[in-house]
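In order of appearance the chains are A, B, C and D, and numbering begins at 1 in each one.
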């Protein structure tokens, strides 16, 4: 078995919260389904009915984890939070599948987290030294420990205390026996939207979750905002303020679904602009424009429109894909790319082809894709990338390969072109990228392209470092 | 739980055969993976190593059925046949999961079948009256019984005897302990392609299977041809001849993958022509052309090119789809269509939209899709269908709803337009369809559109009739 | 993993039939539970409600196969038959798990069989040559094929035709959509009892099944009797007659549960007599009598009573036993016997011990048991066996190891004593055995001891021969 | 489904520890197998290889939890601890399945516990108030929290600090990445034995575990002793001292296996004495003595020997028992007792029967058993109980029904006799019980009989109280 590598950065998760719906668990489940692209390793839901708290987590896709309808009879209550976890390298583990649920003095407290804290190691060591016991290797668990130690009288204030200590990217939902709390870091790095479904409140990483459940999108949870929902109503708290937001610009480039609205705009609309700006900056002399489906489709259409080169479907994506494939011992050439994409001979043969891709991480998959396109008869292959070269790691929740593996880290454009084996290669500039996103003046995090980190990195931050360090394996 | 209806006809299966590969089971498995679109209810592989025969079948998608790599250690041998079964209404059953494997006087004999026999009921009754015992409710099993009763000296001649008695659509692969036999009915209704993978022979319903395993496409198994492969070589037999072939034209319209070659042409190329002919016959006054993804993508591009109306992506398809979804008791509006498609607000708002669909069966899904598109803000919705109205049942292996449920059976175009709630509706003509397919003169089956059945229907043929009649349920 | 060998002959199955109970499946399930000792590899139930037939089979113990209570909602109807299959060597297979269920001209027909046919190979070859297709490698399937080919007007007469052709040991239950049929071979080799549960009829291999479900034992199905139960009542048929019955005497020695009545007597009572006769024939000079639990308990008590030597519990049996155990690479001494039995040091130390065992097959387990007893401190070990030496294979449904492996085949008593490493060894004589069983004059099969086969063996009969020959493996 | 109630107190668990064996996990697994009678709800093993810690837990019997041999490839290392959990009422939960494993400042720390703490609620509330987060509802978890907060320099001293704070019954095994620690409360309430297997050390609740793995029994871990094993050797610590031990006398009456040595004696030997003392105190005028198998077998033999009344097997126990049974809606009479026991008609009919039982808790099962024995034809039924009436709850790890349900709590012997419907009833006196156990002068806990609690009960102690209170449910 060999894992099918997407060669794309991996997001760390999608989250959802529901308050006031008689079937909160089902609403959470459907929302997680719509957010499946943000995490495919595992999923979990915790619900509450005012008195009891119920939890179900599992490894695999949403449909696998909740395949037994009986689960929903047991996940009782009108409050729910849910989480999809992304696929790590190494064996997946139930231990780290969120929502995390613990008992503390105020009773059960559950949390689901999208993002990454940059000072959790220091905090964890401080907590451990004074006697805290950790059950996961998630950075998120420190939030619960700090809240559990707070002397503040309400759970909201206990959590606020914790959020004022941790630093990094976080969109969070908390659940207690009788309330739902949603919070977003002051930089607004990851998205978090607020919606209504009849009398119920729903929060979710992306608005596509609202579309599936028929909820209405109200607004985003503001950067630095925490809201608590209980039977008496809602109450807003302020975590802190920063001069400028730092929305993750990569959400527009690749992560979010095109049919979602994030940071105040439809993703699809921004991607079309990325394609158009790319066309202006990096035109090509070619017969057809194709995309690497599906994430680059809209950018490719934008590119086609602006250049006037015909858009066509040159690659078919296999959608029945799972995580692993069993290969013959005598390996099939290009297998890892073939299981995902098949070239359409009739479209590619004898054509000069522009391939629009949203981004390049290691370039390994794209290289094999190019070879496959050439073997299908393309006369020329021109790569156009709808974002700048990725040169720096993300410490705020994107999971890149190590910096050394980033193809643009240390290689010139010409060297990359040569590695990919294409006739020409063009990236969108950072200016072109910023020119396409909405409300650019409010501030975006472009660290993976520019190296400018909005939140200082003062300790080694590596998503799986702790997992390696802590040395526990669930079997 | 509620099944997610595709509102498309269902194909009865994809088949594959391998001879001469040391890991025949893995090659079959990968081919079945590529043919997943032809059957998603269950899958099975039978292998042979010259002495023993090994069988593994299961319900679900290919990746589920063969998820344990240990299976391939046990599916030994250099010969394999495999089968994907389509999704029936009613509870799926292992009983009917192919390949069927029986013991008869010549030893183990296995079969996988794509198509449908039209005289199996009469044959089955004759066989039962003279003492045959049936283990499945598949039409295919009669072939094995007739072969088992033959006095002919070789298994090839025994099978030939059977194939000369049965009537209907069949692409078949058989396996014995030491040989692979492939056969196709004289009308050539369903596709069946022959390829080479090094020294091994591969046959598969569509050539996209060859692409995944890196095999080379040689030619189609000819209508009326049977070939037997064993360690001494191959040998060709002729089942019978008919004046004209009757290739299923619906394979081009919907079933086959766009990256496959069938009946001598790339499917994708034909679909683009369907879109172009549709544009000529049924132009529209609109701002954008969108497709119902993914089956109509190429036709929509063809339509866009010929009309000059811009192609855009107005619907996002959810690819993490399973067969069933758990809904809240208070149903979500448009749920069944929302779990499959989400409209892209930014693309549709205030636009006059042409929606290209490949075909309409009952129209129920399309109607809800139209409502969803309208709610997303489209100003006008114009449906263009890349095939003629479907008015007649298929007796050759497509699984339609009952004739009464076919929307075009009894409703005028205007009535359908009204039912769908669109501003205009246009179908491609039968001439337009025939004008797009390759080698039209060789003959196509257009019965679902025209009612002209190339093979006479002399008994009630209903795919599940026997299943109901025989009254056995596996639990 | 290493199979835990019982070193006892294996029975081929327990069967049950129910007619006229609204929850026939549950009654069958409970009966199979009581008959678990007759077959532990797999279990199956087929039910009928007058119109439909329902089947559920699985591998493992009864509680595993029917662990999901939902199964009983689906196994509808007032008629049921069930079957427990014994544990074969080699990988167990669903293919051969009974009841067998087929479709033939009279509709669905199911069968469960305890026993073994001695002419099934000839019959199978005849049937195959004239075109019959076999789906299992069970000897039982020939009965269905012959019945299916019969021209007789009723299913009872069709079955009778078959039963008059097959030869061997059979206790059978058949099920059609509206009737239950029970039959027993003219020699009455295997037991089959008839009971009443309110208005319902129950048949079962042993009466202990009646005790569990609260049914009343009426009588045995007579040798050569076939009874059919339908909504109009019951009807008796005669298969044939033989001068003398041939009840399997080994049912008393080992197979049947002590709390069952078979062949007209409580098993427990006969076993106590075996112990007493053994005491008379083979006294011993010892301090305590212990049994190899649990099958020899009653015989040991009988032996203790007649000799006056104190009965004690010197071996504890581990009852949480499964089929396989995972061992360390560095094997534990006596492991295979230790997982089943643990010696009680306080009882055995410094004692002269008589160990009563019901029978010896290969002697391998007993030998290791003796070593373990010695290591626990026993001063002398005397084996007393409550049946004669086993020297001949059984062709009527007991599964012995091959004749070569039978320790008494070729070894003298003294040689066996030496092999076992005991101070003395004494077997019960055939006369002593016959003197203990009820109605001895009616006739018993003692072939495994005496070599006198009541039904002539005219072809090679080996339980798994066909399985090997037919060369199909389910994975 | 209806749980099959044993109507016996339930022990809280069996534990095992291994140090210095290359396949420590397999040794732990086999030991847990031998200790299956001490806990049947779930099982878990944690191993360590000096650097990493590995954990596997599951619900069900040992063979179910470790059915996949691949588990042992992953449970690496030369150190292991294991735990079998008893069957609680209510749904079993993975959350509480031990060994508990946490991360604290000294690294991973795992624990398995047999016994019950009597001051854990107070301790837990103190810990929660100062910020500790609990992951389970086990009383055992407080030990880990107190150790985690200790400022002591070594893990041994940290654990000692905790053990000096907790009060109650505990036999414990701890595991870190490089050591095994075993400890037993100063009262020695639960057993814990130390053995050697080659160069490896093994500790286990009962010596029957040593027999299965071929280890040699060295001695018991002394009351109040803690031993730590690492690569450098072993080191002994003293937890504290008390004037007198308080061995649980019920371990001899019912819990421990007859082939184990506990508190310095073979259980089987003590049980035989119990039967003899019972014979002296409570003779009977009867024809046979039978036991309620298997736990009363030895006592019944002792009773038979001393009275001279013949011992016989009047009840057959069904050993294929699982936890639940599916019954027909129309309940079978005596079903719950029938699934466990079947009376042997031939033994009981017309006899005056003494039934020896080890103890009576609620009496419900015994009452139905008596009815069944009467219906099987017994002329008289005399119950003799090999322990005194149980009147008081256990706070040290036995799980009784509530005090109100104890039949001897509030009912006189005559009332109990009447309730049971027997001709006579006799219990062993407390003196008779104490006269049978070894080293009586060292001190036994007889609280359930006498109400004299050796450790003061200062807070409400109810095994599942916390589980109810904490209000978290895993689904």
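Points to keep in mind about this one:
One rule holds for everything that comes next: contacts are C-beta pairs under 8 Å (C-beta built on N, C-alpha and C of every residue); 3 or more make two chains touch, one makes a residue touch a chain.
Everything quoted here is computed from the prediction, not taken from an experiment.
Think of each touching pair as a link: the shortest run of links from chain B to chain D has 2 of them. Ranking every chain by how far its Cα centroid lies from the centroid of chain D, the top place goes to B.
Chain A and chain B have CA centres that are 36 Å apart. Centre to centre, using the average C-alpha position, chain B and chain C are separated by 49 Å. Of all residues in chain A, those touching chain D in their complex are 51-56, 71, 74-75, 101-105, 107-108, 125, 128-135, 137, 144-145, 148-150, 177, 470-475.
Those residues of chain D whose C-beta lies close enough to touch chain C in the complex are 1, 21-23, 26-27, 29-30, 33-34, 36-37, 61-63, 66, 69, 72, 208, 211-214, 257-259, 261, 266, 268-269, 294, 297-298, 301, 305, 310-313, 316, 318-320, 322, 325-330, 332-335, 338-339, 342-347.
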